[in-house]
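Chains here go by letter, A, B, C and D, matching the order in which they are written, and residues are numbered from 1 within each.
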Amino acid sequence: MAAKAVAVIAGVGPGTGASIARRFSQKYPVALLARNPKNYDGVIDDITKSGGKAVGFSADVSDASSINRAFAEIDKAFPGSLLAAAVYNVGGGLSVKPFLELTEDEFTQGFKTNGLGGFHFSQAAIPRLQKATELELPPTLIFTGATASLKASAKFSSFASGKFALRAVAQSLAREFGPQGIHVCHAIVDGVIDIERTSHIQFGSPDSKLNPDAIAETYWHLYSQPRTAFTHEIDLRPYVEKW
Amino acid sequence: MAAKAVAVIAGVGPGTGASIARRFSQKYPVALLARNPKNYDGVIDDITKSGGKAVGFSADVSDASSINRAFAEIDKAFPGSLLAAAVYNVGGGLSVKPFLELTEDEFTQGFKTNGLGGFHFSQAAIPRLQKATELELPPTLIFTGATASLKASAKFSSFASGKFALRAVAQSLAREFGPQGIHVCHAIVDGVIDIERTSHIQFGSPDSKLNPDAIAETYWHLYSQPRTAFTHEIDLRPYVEKW
Amino acid sequence: MAAKAVAVIAGVGPGTGASIARRFSQKYPVALLARNPKNYDGVIDDITKSGGKAVGFSADVSDASSINRAFAEIDKAFPGSLLAAAVYNVGGGLSVKPFLELTEDEFTQGFKTNGLGGFHFSQAAIPRLQKATELELPPTLIFTGATASLKASAKFSSFASGKFALRAVAQSLAREFGPQGIHVCHAIVDGVIDIERTSHIQFGSPDSKLNPDAIAETYWHLYSQPRTAFTHEIDLRPYVEKW
Amino acid sequence: MAAKAVAVIAGVGPGTGASIARRFSQKYPVALLARNPKNYDGVIDDITKSGGKAVGFSADVSDASSINRAFAEIDKAFPGSLLAAAVYNVGGGLSVKPFLELTEDEFTQGFKTNGLGGFHFSQAAIPRLQKATELELPPTLIFTGATASLKASAKFSSFASGKFALRAVAQSLAREFGPQGIHVCHAIVDGVIDIERTSHIQFGSPDSKLNPDAIAETYWHLYSQPRTAFTHEIDLRPYVEKW
């Protein structure tokens, strides 16, 4: 009998997180993390209607005790289940303003949401992933990056310092835990996500923004890679994107 | 009725090229290019036995007329077929020796096999891919890179200059033809491929070398991406690889 | 009459910071920042003996009020002086240990020392640099990076996330303030610095570690660049270093 | 008595090459290489009037025998002189056009001028630099890169493949010959050079284009670095440049 397993997605909102949750729910029950339950309630309904299983957990990724409590609740909600995959898809922390107008709080928000949140999430997820190396597919930890993971534009010091830091965490973890059979990926999502909030942004054709379901399909492919051929870094952008 | 289509793979030998050919043959007839027919004869047998269709064409990628002739023969062999995907997976050109001992021929071999070959292949493939944008999936051009696409080690000036040049070609084409709906990818294959020729290299576990079928599965995923979320660059390495 | 000016160096210890201070003191009075006055006392003596002027200020770069107080004291100590150059050379924050053993404090130390410290230092320095664009040479802000600014090795998630973040800050500031005539540089110092603390590390020849005076000479060159040809990023490593 | 020495600059035209030649002529006699003597005649006059010594040699960098003949003539013109520095600053090879309109000749021109020319130049220069390690400053080989060394824009496949290839050569040589005490640098010159030919391009202030004398000053600084702190890669751009 195959072992029971679960996937955890942190940062579930109306866009990429929801799509990733739906995609992984085709194979696993999914645990959804967001600060505000409103962000995952609709997704849980969707997944339930499709015959999948999803449970939401309210958590603040920048707070270790909040994250640890959420993972403990996940353990209880899915007893005996191994952690097949963990996706850190937390957005936010995006203060774009002239550097001299940034407050310390605004500046550090980029790091808290990305670097520090990624740290807390990984510290909770990795010991659980280490127990799941006998599953059919390698246990996987995926981080969502952005254009600002590689390029720090003017006025983006907060967000970019957070995304640069998150990329460092992802890279360091890949090098430490890859040899243990844990797959650590960093996906650079470069472009505007096609969600309701961005419906006013139009580039011509309807598919010129990033469809979150398409991102989720690539995340699923990353998860499906055997350890003989792991991808660590990948970019994703709409065909019309300048870069 | 769906349009007829074909996939072309250049650089078919016993490793990655053969696996890519087999993978794409599950959906399309495949045209296989290699300088020496011995390199594709076995693959054609495999594919034929599996119920697929494969035809081999002898071609020297560094010679425009040879490449153009091969594509003309492909057009004849698959009349009325659109070009769904073209994969440039040509290896070779790897002279590792002290710089002062390199001859001009040895040095330029890296460029001829990679940069120039990629140029000829793309000039033949792109006009055909441009006609295939109405297929279910976007027409796709994939180039196989290597560790040396990003890092030029001591004594690797020939191979690295070729692989750097090929990466430049891939990047420039992605920016020019992406907006036309053509998907151009560059895959950095970082590690030892697990084929008979490398059977003497052992790192512990049997899957510590790159399984070419796993590489092919990722190439197929790249092909399957809709234009709303194209990947341009991806890396692939075994879980134990230092990098 | 030429305007009076001063240079500020944060992170003055026995190595690079001291050398940078000595080099800039050949042209300007220098203000030296370190948490512990012991770190700059010897340097001040050196500079004074050589006929230069140096004043030390105790400050904790990760604390905005401490940094702001230090800059206010600098303004008083050098009344009417423009800020010609500011160098952020703060080391430390280097916890190298297995990821799962890192405490939150240890992890965030990398960011506090590098990203956050760089933020505070820049917020204090830039408004002063903006007033100095009429000096003979462009006002300059230099950040000291490390190997870990570009590559996050296993067990280096704390230090690397801090150095990645600092690089993001440097890049964003260069893009925002370069067009105002402020020169923002990021120097990647890749190798072992040749100081007393590293005297046990030997690679053969005596100059196979980075001589801090040589680093300082390059920082001075960066400062001397006119705005028609600014360097943003540079690397520095000993001739024997593998990279 | 100090050993006699000479510097060689390839790619001397009205801009950067001429400035580099003038700068190095302040310390060494200089040998100037260009395909067309018209390109260096004026520079030789300048240097002679300033009390320096310069000799021009006509050479085609993409032709091994032409380069070797030029170096043999340099040996004769400066008997007993060691090669202190060699700068490869060859421009050209810049065909910007739609990929499908590029001829093979146009495409390979980028590689011939940059990658292959860099190869020939290095094969001639390095054995001479190897004999010069006892000079006061380390023997140095500098290559001039461009924006296209790191980014291949649409329609730039020829130039970018050449500049990518040249960067690979520079990197590989730095790793092979650095440990022998030879300094190999790659300078990314990112922006419009301020010469007569570009006088129609105006960005506002007169120093918003790259002043070639400023570039030359940085090249001289690179040459002056001791082997304890070699720079391999540096960028140079005007303060107003977007990047």
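The rule is simple: contacts are C-beta pairs under 8 Å (C-beta built on N, C-alpha and C of every residue); 3 or more make two chains touch, one makes a residue touch a chain.
Chain by chain, the UniProt names read as follows: A, B, C, D = 7-alpha-hydroxysteroid dehydrogenase.
What you see is a predicted model; the values in this text were computed from it and never measured.
Visitor: Along the shortest chain of touching chains, how many steps lie between chain A and chain D?
Guide: Graph distance in the chain contact network comes out at 2.
Visitor: Work out the mean Cα position per chain and let me know which chain is farthest from chain B.
Guide: C
Visitor: Using mean CA coordinates as chain centres, what's the chain B-chain D distance in Å?
Guide: 34
Visitor: Take the average of all CA coordinates in chain B, do the same for chain C, and state the distance between these two points in whole angstrom.
Guide: 46
Visitor: Between chain C and chain D, what distance separates the C-alpha centroids? Give it in angstrom.
Guide: A distance of 31 Å separates the two centres.
Visitor: Can you list the residues of chain B that touch 2 or more other chains?
Guide: 175
Visitor: Can you list every touching chain pair?
Guide: A-B, A-C, B-D, C-D
Visitor: Which residues of chain B touch chain D once you look at their complex with the stated criterion?
Guide: Its residues touching chain D are 64, 98-100, 102, 104, 107-108, 111, 115-116, 119-120, 122-123, 126-127, 148, 151-157, 160-173, 175-177.
Visitor: Looking at the complex, which residues from chain C come into contact with chain D?
Guide: Contact set of chain C toward chain D: 138, 175, 178-179, 181, 183, 194, 207-211, 214-215, 217-218, 221, 224-243.
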